[in-house]
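Right after this note come the structures.
Look at the two complexes coming up: chain A is in both, with chain B in one and chain C in the other.
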Partner chain A sequence: MPVIPVERKPLTLAERTYLPQIVHGLKTTFRHLVAPNVTLEYPEQRPEIPGGYRGVPTLVRDPNGREKCVSCQLCEFVCPPKAIRITPGEIAPDSPQAHVERAPQAFDIDMLRCIYCGLCQEVCPEEAIWLQTQYSMTGYTREEMVNHKDRLYELGGTLPDAHHKWDKKKAAENAAAHGGHH
Partner chain B sequence: MDVSLYFNLPAWLRVTLQGVAVIVVLFPLAAACSMAERKISAWIQGRPGPNRTIPPFLAWIPVVAPLLQKLGLFQLAADGGKFVFKEDPIPGHVNKVYFVLAPILAMIPALTTIAVVPFGAYLDSAGRTVPLVLANVDVGILAVFAVASLSVYSVILAGWASNSKYPFLGGVRASAQLISYELSMTLSVLPVFLWVNAPGGPGTLSLFDAVQSQSQPGFWGGMWYGVLMPVSAFIFLVALFAETNRQPFDMPESEADLVGGFHTEYGAFKWSLFFVAEYCHMIVGSGVFVLLFLGGWNPLPWVSLETLAGWLHLAGSPVLTGVLATLLFLGKVVAFIFFFMWVRWTLPRFRYDQVMKLGWQKLLPLSIANLIVYAIVIALIERA
Partner chain C sequence: MTSPAKTELVTVNIDGKEIAVPKGTNVIEAARLVGVDVPHYCYHPKLSVVGNCRMCLVEMGMPAVDPATKAPVMDPATGCQKINWIPRPQIGCATNASPGLHIRTQTPQIRDCREGVMEFLLINHPLDCPICDQAGECKLQEQSTGYGRGYSRFVEQKNVKPKRTQLGPRVTLDDERCILCSRCIRFSKEIAKDDVLGFIDRGSYSTLTCYPGRKLENNYSLNTVDICPVGALTSTDFRFKMRVWFLKQTNSLDTESSVGANTVVWSREGVIYRITPRRNDAVNDTWMADSGRLLYKAVRAESRLTAKDSLAALLARAETILRLSPGLAAVVGSGQSSVEEQFLTRQLAHALNAPAYLVSRTAEGDGILVSADRNPNVRGALVTGLVSDLPQPYLDDLGEAIDRGDVRTVVSVGEDLMAAGLSATQLAKISVIQLGTQVCASSVAASVVIPTLTVFEKAGTMINQQFRLQRFAKAVAGPVGAFDDLEVLARLIAAAGGPAEPSDLAGVWTRLAAEIPALRGLSYAAVPETGVVLDASPWASLPFVEGESLHHRPALVAASA
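Coming up: the complex of A and B.
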């Protein structure tokens, strides 16, 4: 390995007294003293949440108001800290959504366990579970920190849907039933 | 305003009243410094600092209450209340008597030195300048040095009585540091008093006379000693930082290597007494610096209090000139305290060996050389 000797210049007298450096430092801190603050006053001023932020996981509905989750439980299995508990349920046959067949009866995410990894969102075949922008969770008891199904939908709201795959499936079935072209 | 009523009171009562008044001002001022410190550190670091606390029953006042809230003054009151009412445990392994004595001992010199420091002056009806001071003694500066250096005993006592290693180390460091810098400090003010004490006149070490000799007519007479003797002023300033244990010389409590230094075992009110004492020292030290090197209550170099009073047509009124002088003096002291804090939040702490080296190998020779040079120059000038 080639060795490059670095020449060390002896300090000048001014440098050895530190005084010019101290004055320089004082100038710097004074600039900061009069400069505007860099902090936010949190509860009143909220930070701007960047796109792709992984906040609290939530369940969403499609634009027609249908709950998208079909309780396939993939997210329950993938969740590394086992934060999700799903009780699958049937959709009543007289419901307009009957063709979707299944929906969760209960859906709990324990936010004391969740590590905000986003794997549930990644794995969901229905794009039903989303980590959105909410970042502050508080509660006085462990029970309060578990988000139940109604709370999950309340937090999640409605997201646009590009596919409407269940509607397409129903339309295709209807077309087949009315003398399809096969 | 009728002031004769006051002057007809017996002397002991007057002195007691004045003493209480000064302490009543100094103590909260020292406490307010702690809030100023927090605010200034916050601003330097780009934060707003404490600005939330407000008692609900004051929140309705417009403008004033939010302003005080933003400045953190209610926080200060809350902190003070907390220190008073908080549980104040005494660790089991300490020497109880000395442990309790130490913070009290810290307060005594801190509040005593103020007695000989003039904090203003007024022009009496004859046009003479009379100092506003609790005890206008001839030995002024000596008394300040003598009493202020007693404060090291409280630190040593606290460190020793705590009976654990970090406070002990803090106490030892404090004693070494204070002794080292006391020498340079004393030597640095000698040129000032050499110059003040013209041959033939009565000898004096009073701080008031030091200010008076900076308010004479003429180019040299009106000049502040900070300009005439910059090296003295500089040495005094550095030694002052060391004597008051301020950054970059806060060896006795350097929390990086000594946990909290001499006050590691202290809490609540006793702890706060140490801090108030430190700020009192800072205030008195700044006051002495202002008196010696920055012209005391004279508004500007070459503009003495009498001149200003003449311009403002206040010359005949002792009360108004007194208030004016006190305000000028306090303004300078506050600016100086700001400088203390500004330096604290700029410079990192020195290492212990650097502090010792600076004190003994740099500052002490420099102050001796400074003394010799000024002694020769003053001798030559006065012979001429």
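Coming up: the complex of A and C.
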């Protein structure tokens, strides 16, 4: 094995006193003493959620208060960890929303299974399921960690939707009933 | 599949592939044989051809011959006979194979045609796949992935037509989704012989409806739902229950009568959602009766029997009863049991040295797919030797034997003894060991009740009116507290002091193949999906109750009593 002799450079006077290094270190310390605080005092303080954040999946209503989900079960199908479970149901024929025909009877998302991938939102043909800004889900039991339909709508709120696809459908039906377009 | 023994074959050329098909085969079927898919909506192999959807357009040509000399015209470029292609496309469903017919399905012209037809079909179609029950098995959905535009050029308002029309007790119609293929109309007229459906109005106003004052309520109405290529006709029972892509398909049999229509059971996670027919050209074509589709409700019925005790405890009690009165037992088998169960029932009767009885169930047959014999497997009891003669509706012989005191114990394999004619006083005189799935008068009076499985929870075979041995497979698991029939019977035989019998399907089939002459050389796995016809000659003289039905002509017409 070849041996390379390395010549050690002698320390300068400044280095031998250690003072410049100490001053340099203290500079960092003093800078942080006066700099603005970067630590977030969670949970009293909450971070600002950037756009496109994928939080807890929620269900939304349209501006008229109609539940947008029609229980097509595509999210249930696409969900990789099988966190979503839907029991489809029929809207009562005397309901003002009867023309939509379908709505979920039960809609459960198991947040212990959910991986926040957002595929449910991507696949939804009715724009009914959204991963919003809520990120903190806690509970004492497994059952508490399952979001049922009521909770999902409570978390989701209203989507400022401009399509009103089903309202247009109903308007066309009404027009036809009054002798408009067949 | 049965095809006429002697059919004239003609050679046709489809997309460059030559195939010999029976003369008269249409282009869609011929193309299917060479693995070429010709998309279609209105054509159905078991219905008449109308050619109104125009989706199956193909290019067609014939070998050129000189008009004067009839000599083949050769193409110098290829050295083969020249093909005269018809410049405009033809519909495949109404084009029959003729010698030398040439078909092209993959040309730009045909692609344009299909895209054009799709665009017209989708003009007024509500794009409500998310709420449509047909999604996932919709021909329109399938073809639009191949030939749809992806966006609409139609700026006018779509048609509004009646939605949620109740055509009958079991069928709901959404007229907006209807593409006017008329399959349902033809089915009602040609197969169900109940011509209630029709189109009214013209052009884009055309609407499917029932004849005024009539309803689509015949026992075959749900077949219109099966053959509807879109989501216009939906089953009221299955409506909005589950998306079809979640459902597991299991091949099974319709056990409502001795026709033995082939079925598919659709289940998800142990819950059955619907039953649809499975094509078997020798038994039920592609149809089945509505009544058979509701049989799955028995699986989760309120009256379902389950036991809190273990099978060993139940069998111990049964053994005690059987030992109490040796030689004074009788076995009542069932025409609803599978062949394997009937064989073990016979072995049980042998082990007990007891007579075996069977109960008949008859009602009027409809001449299509519900026969007069409402037991699906009476012939199985004959073939396995459980009984040697046709069953009677009431167990009068057994009743007399009980009154005489010759019978003290009755093992009933799934039959309600009270419904079979035994009186309450007679039942009180005997100890009943009842096997079965549902609560009945007999199970209430029984000393030991051993809950067993429904046809959807076990596998086996049955022999239909044509002496066709057909398989059914296990679709869902049985409930807790219900036991496999074969295991129960095998252990009952052991409790009765009989020889060790196998309690699994393969084992029972080894015994069947060895013991039963008609089943020699067969095994459960070797039975084809379309069934195998057994030699019926030993029973040819029996006066079977079935009349004529689809694909069945009785050899001997019963002299009905």
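Things to note:
In this text, the second predicted complex is superposed on the first by the 157 of 182 C-alpha atoms of A that agree within 3 Å, B and C clash if a C-alpha of one lies under 4 Å from a C-alpha of the other, contacts with A are read in each partner's own complex, and residues count from 1 in each chain.
To be clear about the criterion, a contact is a pair of C-beta atoms (placed from the backbone, for glycine too) under 8 Å apart; a residue touches a chain by one contact, two chains touch by 3 or more.
A quick note: this is a predicted structure, and the numbers were derived from the prediction, not measured.
The superposed arrangement places chain B and chain C next to each other on chain A without a clash. Once the two complexes are laid over each other on the shared chain, residue contacts for A:E101 go to chain C alone; chain B is not touched.
In the superposition on chain A, contact is made by A:F30 with chain B only, not with chain C. For chain A, the partner with contacts to more residues, out of chain B and chain C, is C.
By the touch criterion defined above, A:F77 reaches chain C but does not reach chain B.
Contacts of A:I115 after superposition: neither chain B nor chain C is touched. Superposition on chain A leaves chain B and chain C with their closest Cα atoms 49 Å from each other.
When the two complexes are laid over each other on chain A, chain A has no residue in contact with both chain B and chain C. Taken in their complex, chain A has these residues touching chain B: 22, 25-26, 28-30, 32-39, 41.
Chain B makes touch with chain A in their complex at residues 40, 43-48, 51, 342-343, 345-347.
Against chain A, the residues of chain C that register as touching in their complex are 126, 129-131, 135, 157-161, 163-164, 204-205, 239-243, 245-246.
Within the complex formed with chain C, the residues of chain A that make contact are 70-74, 76-77, 88-90, 93, 99-102, 125-126, 169, 172-173, 175-176, 181-182.
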